[in-house]
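One chain, chain A, links the two complexes that follow: it is found with chain B in the first and with chain C in the second.
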Partner chain A sequence: MIVASLVYGAGPVTPLEVLATLVGQGSSEAWFVVTELRLPRTLIGLTTGLALGIAGALLQAMTRNPLAEPGLLGVSAGAGFAVAVAILVGASTATLTTLIAQAGALAGCSLVIAATRVQGLGNDPVRLVLAGATLSGLLLALTSMLMLMDQRAADEIRFWITGSIAGKSLATFQATLPSLVIALALVVVVARPLAAMALGERAAVGLGHHPGRIRFLITITVALLVGAATALAGPLIFVGLVVPFIARAFAGPDIRNTLWLCLPIGPAVVLAADVVSRLIAAPAEMPLGVVTALIGAPVLLAIVRAGRMPSL
Partner chain B sequence: MHRYPFTMPDQRTLVANLVLLVLAGAAVMTSLSMGTVQIAPAEVIRALTGTTDDPMAAFVINELRLGRVMAGLLSGAALALAGCLMQTLARNRLATPGIIGIDNAATAFAVASVVGTGIALAPSAMALAGAATATVLAFGLAGANGTRGYRFIVAGLGIGAIAGAVTQVMLSQVAIDDANAAYPWTVGSLNARTPESVQLLALGLAVGCLALMCLSRAVNSLQFSDPVAITLGIKLKRTRLLGLGLSVLMTGLAVSVCGPVGLVALLAPELARSLCRPGKVPLTASALAGAGFMVVADLLGRTLFSPLEIPVGIITAIVGSPYLLWILLRPSTRSLT
Partner chain C sequence: MIPTDTLAAERITLAHRHLTVAKDLSVQLPPAKVTAIVGPNGCGKSTLLNGLARIHAPSSGTVLLNGKDIHRLPTKEVARKLALLPQENTAPEGLTVGDLVRFGRQPHQGWMTPWSEGDQRAFDHAVTAADVGYLINRPLDTLSGGQRQRAWIAMAVAQETPLLLLDEPTSALDLGHQIEVFELIRHLSGQGKTVAMVVHDLASACRYADHMVAMKQGVIIEEGAPAQIVSPALVQELYGVSCDLIHDPATGSPLLINVRRHIQKR
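And then the complex of A and B:
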């Protein structure tokens, strides 16, 4: 998929030329297309897929809900709303955007966790999703209202809100790197306790883990990941649903295997969607978020339609 | 028992309907008199009856505001009626056209005809086709699992997401002018209406109301379990099909006027149900509440940040979402669905 993402796209660059460019030979035009346009895009797609896939897997494991997905539950919408507010008041540097998106994601994620503690809701996967979708709708409406207030900000927000990894500079990517490293380190820390929690909270306590502390760490991790991904690509829906879904099919019940598999599958899904979005309407482009929705919604239908909800 | 297919409303329902009617009337009057130019209510009445001396007032009221308020009134009533009907048919309080994706599908089809993907049907017809497609999909996918519970709703959520994405695809494909023309459709606004679509909506609403008057006893009996309804002499299959058809008709026509204005179809029947006598399906009260709600929301959108205009769909989403969240999150004492 990395290769495909580098090779395909608008602009007359043949696969051979791409290879030649990568090893240091090739025309200057091809060099520009590949290193200036496609390489950043591929890198950003890679990170976004990685972050969203892992965040989805973590959230699903913690809430024991195969439908818990950052995009559906309003975590991405929280990050998106925070960034929209930031753009409106005039902040636009990459570092700040990332931090703000992560703060928004943290708020959204905390809300979700709080909601799962509400009586009865934690046991009803589908009801939680509906509440999350409502929250997303509310935040989206508020974002649209902000966009109407300020035409200049609106253009900036609209470019970003449909979910696209085109035309993003490497500066944003660099800004998200530190938090991604922290988040991945946290994932390594929580993976083992999380696997224990799959046995039930009592069993986890018996094995010497602290469910409260783990929940707190996971909330932070998910917020860091989703915030970074949203700052990079806008609120992408359904990636966090599809990636763990595929990973679980291969990995079986152990969350650690699922997390490992998310590493290659997440980037593959996002890059594939991005290549499709470039090719399907060439020379124009379709927003990436639209493609992921078209891929992800049928998966959602399939999970809901399955006679027995796969329990986690 | 009943010799006639329709039943007389009881006292409480009658009072509730009257109150809602008065409120909707007040909303209409306020909406007509407020705006960029303020016109006194007395002047509004004179302008409506054609006895005013002020040509400006007559123009503003009759040419600019009346059409818009009528469109809001009709689409609100139609959406609320469709919502109430679908909730009863699916026996699920959350099963309103907006939540299970029917609005979005109707919008996708209507946008297809606006941006001209080679389909020359009018937006109203296309919106109807879209609403019908999504309804068939939603109820078809529900299949053996039935329409109760949350699964049905989340399946609808998926349908809505697909339709929304398709709308985005079409908007991203066309020239920016066409896309801007179709933009109000995506958020729900009373700006994009055409006079023909409003007339069609009025016609459809009239047909729907007449049909519902004849069906009201059957619809009321649908609240009971199937065996009870059959014992009461209700032809279940026919009632369900007719009810769904009417619901599709009204949703499609309303969406072709105002786009996917969310949550009117959920809030209005909720309000009506809390006012009217329990045990009956409050169709009339829902329609009145929906009409009033829509007019008030549009009034707020027009005047709150004037001269900026906020589409009515955004207002209903901001007002309605917290309520829906509250329904979903409160520790439930009784079943929702």
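And then the complex of A and C:
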């Protein structure tokens, strides 16, 4: 997928020229396309997929809901709204955008967790998603309202809000790296207790864990990951649903194996979707968010229609 | 195993939000014996067990593990002394018996330490004790109720704790499976474990417990060996029914017969 992402796409460069560039030979034009356009895009796609895949797996395990997904539950929308506000007031530095997106994601994520603790709501996967969709819809409406306020900001927001990893600079990527490293370290810490929490809260306490502390750490981790991914690519929905879904199919019931498998599957899914987004309407491009939605929606329907929701 | 670890509650009061469920309770689990906590629905017996297991923090009083306040000890350290089998268990679909029993080793494992020889020994011992060796690779959702409960007990046994607390371990099981689980519990106490369990069925408690704690409306009304404390008067006070008492000719344990609704004398 990394190779495909480097090889295909806009710009008058043939696959052969790309390979030539990669081994150090090739025209300067090809060199520009590959290193300045496609390489950043590939790196960003890779990071986004990794972050959203892991975040989805964590949220699903913690809420015991196979439909819990940062995009559907409003975590991404929270980050998106925060960034839209930031763009409107003129924030432009990459670091700031990342932090703001993470703060927005944290607010969205906390709301979701609070919602799952409400009696009844957390036990019904579909109702939780409805609650999340309501939150997402509200935030999107608010974002649209912001766009009416300023034409210049509106164009910037509109392009960003559909979800795309094209034309993003490496500066944003570098800005998200520290928080991604922190988030992945946190994943290593919470993985074992999170697996035990699948046995029930009391059983987890019996095994010497602190469920409250674990939930707190996971909320932070998901916010860091989703915030970073949203700062990079806009609010992409369904990636956090599809990636853990595929990973679980191979990994079985243990969340630790699922998390490991999300590491390769997340980037693969996003890069594949991105390559499709470049090729499907060539020479123009379809926004990545549209492609992930086209892939993700049938998966969501399949899970819901399976009759029996897999219990986590 | 020489039992040296002790668990006791000292005048604990347990409340759900503002509603006091159990008031001023003091109990001490006799070492290497099976203690049964009995009483009518809603008497606070599960709450007491959860209090002893540090799941439910008392609003006053202390639970003492080896003389120290259990809530001041690191929870992981407690988990090496005390294993808990909660009443309602969930497991992700497809989790096998082996996976489940391995979870019991978590309190003994450090951060990212690999599975050790000691872990494997404890695992093998637990699997043998609970007789689930032939089920190791079976997903829990394909087992019978009794097998599943034995698998959960195996997890608690793998924790290698001197103390074991069980919340209604046989509540959803038929007679055969109940006997299977109770005999396993007796076997474990025979190996030196101190066991406390909430039991719904007074007859089973009489048969399988060495020590009985009878509760009503959040208060302990009687405590002692079943043969000494179980009487028609106690049964009437606990459950509001009349009965006669004989002794099981085979085991000598108290046996309730002719149980009937109590009719108030006018």
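Here, the second predicted complex is superposed on the first by the 312 of 312 C-alpha atoms of A that agree within 3 Å, B and C clash if a C-alpha of one lies under 4 Å from a C-alpha of the other, contacts with A are read in each partner's own complex, and residues count from 1 in each chain.
What we mean here is this: a contact is a pair of C-beta atoms (placed from the backbone, for glycine too) under 8 Å apart; a residue touches a chain by one contact, two chains touch by 3 or more.
As the structure is a computational prediction, the values presented were derived from the model and not from experiment.
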{"item": "Partner chain(s) touched by A:Ala293 [first = chain B, second = chain C, both, neither]", "value": "first"}
{"item": "Which of chain B and chain C A:Val188 touches, first, second, both or neither", "value": "second"}
{"item": "First (chain B), second (chain C), both or neither touched by A:Gly137", "value": "first"}
{"item": "Partner chain(s) touched by A:Leu199 [first = chain B, second = chain C, both, neither]", "value": "second"}
{"item": "Which superposed partner A:His210 touches (first chain B, second chain C, both, neither)", "value": "second"}
{"item": "First, second, both or neither for A:Met145, with chain B first and chain C second", "value": "first"}
{"item": "Partner chain in contact with A:Leu301 - chain B first, chain C second, else both or neither", "value": "first"}
{"item": "Touch count on chain A, higher of chain B and chain C", "value": "B"}
{"item": "First, second, both or neither for A:Arg127, with chain B first and chain C second", "value": "first"}
{"item": "Those residues of chain A which chain B touches in one complex and chain C touches in the other", "value": "none"}
{"item": "Partner chain A, residues of chain B touching it in the complex", "value": "94, 99, 141, 145, 149-151, 153-155, 157-159, 161-162, 164-166, 168-169, 172-173, 187, 262, 305, 308-311, 313-314, 317-318, 321-322, 324-325, 328-332"}
{"item": "Complex interface listing, chain A residues touching chain C", "value": "64, 188-189, 192, 195-196, 198-200, 202-203, 205-210, 252-255, 310-312"}
{"item": "Touch list for chain A against partner chain B, complex", "value": "67, 115, 118-121, 124, 126-127, 129-131, 133-135, 137-138, 140-142, 144-145, 148-149, 162, 237-238, 281, 284-287, 289-291, 293-294, 296-298, 300-301, 304-305, 307"}
{"item": "Complex contacts: residues of chain C adjacent to chain A", "value": "50, 53-55, 74-80, 82-86, 88-95, 99-100, 103-104, 106-107, 109, 111-112, 156, 159"}
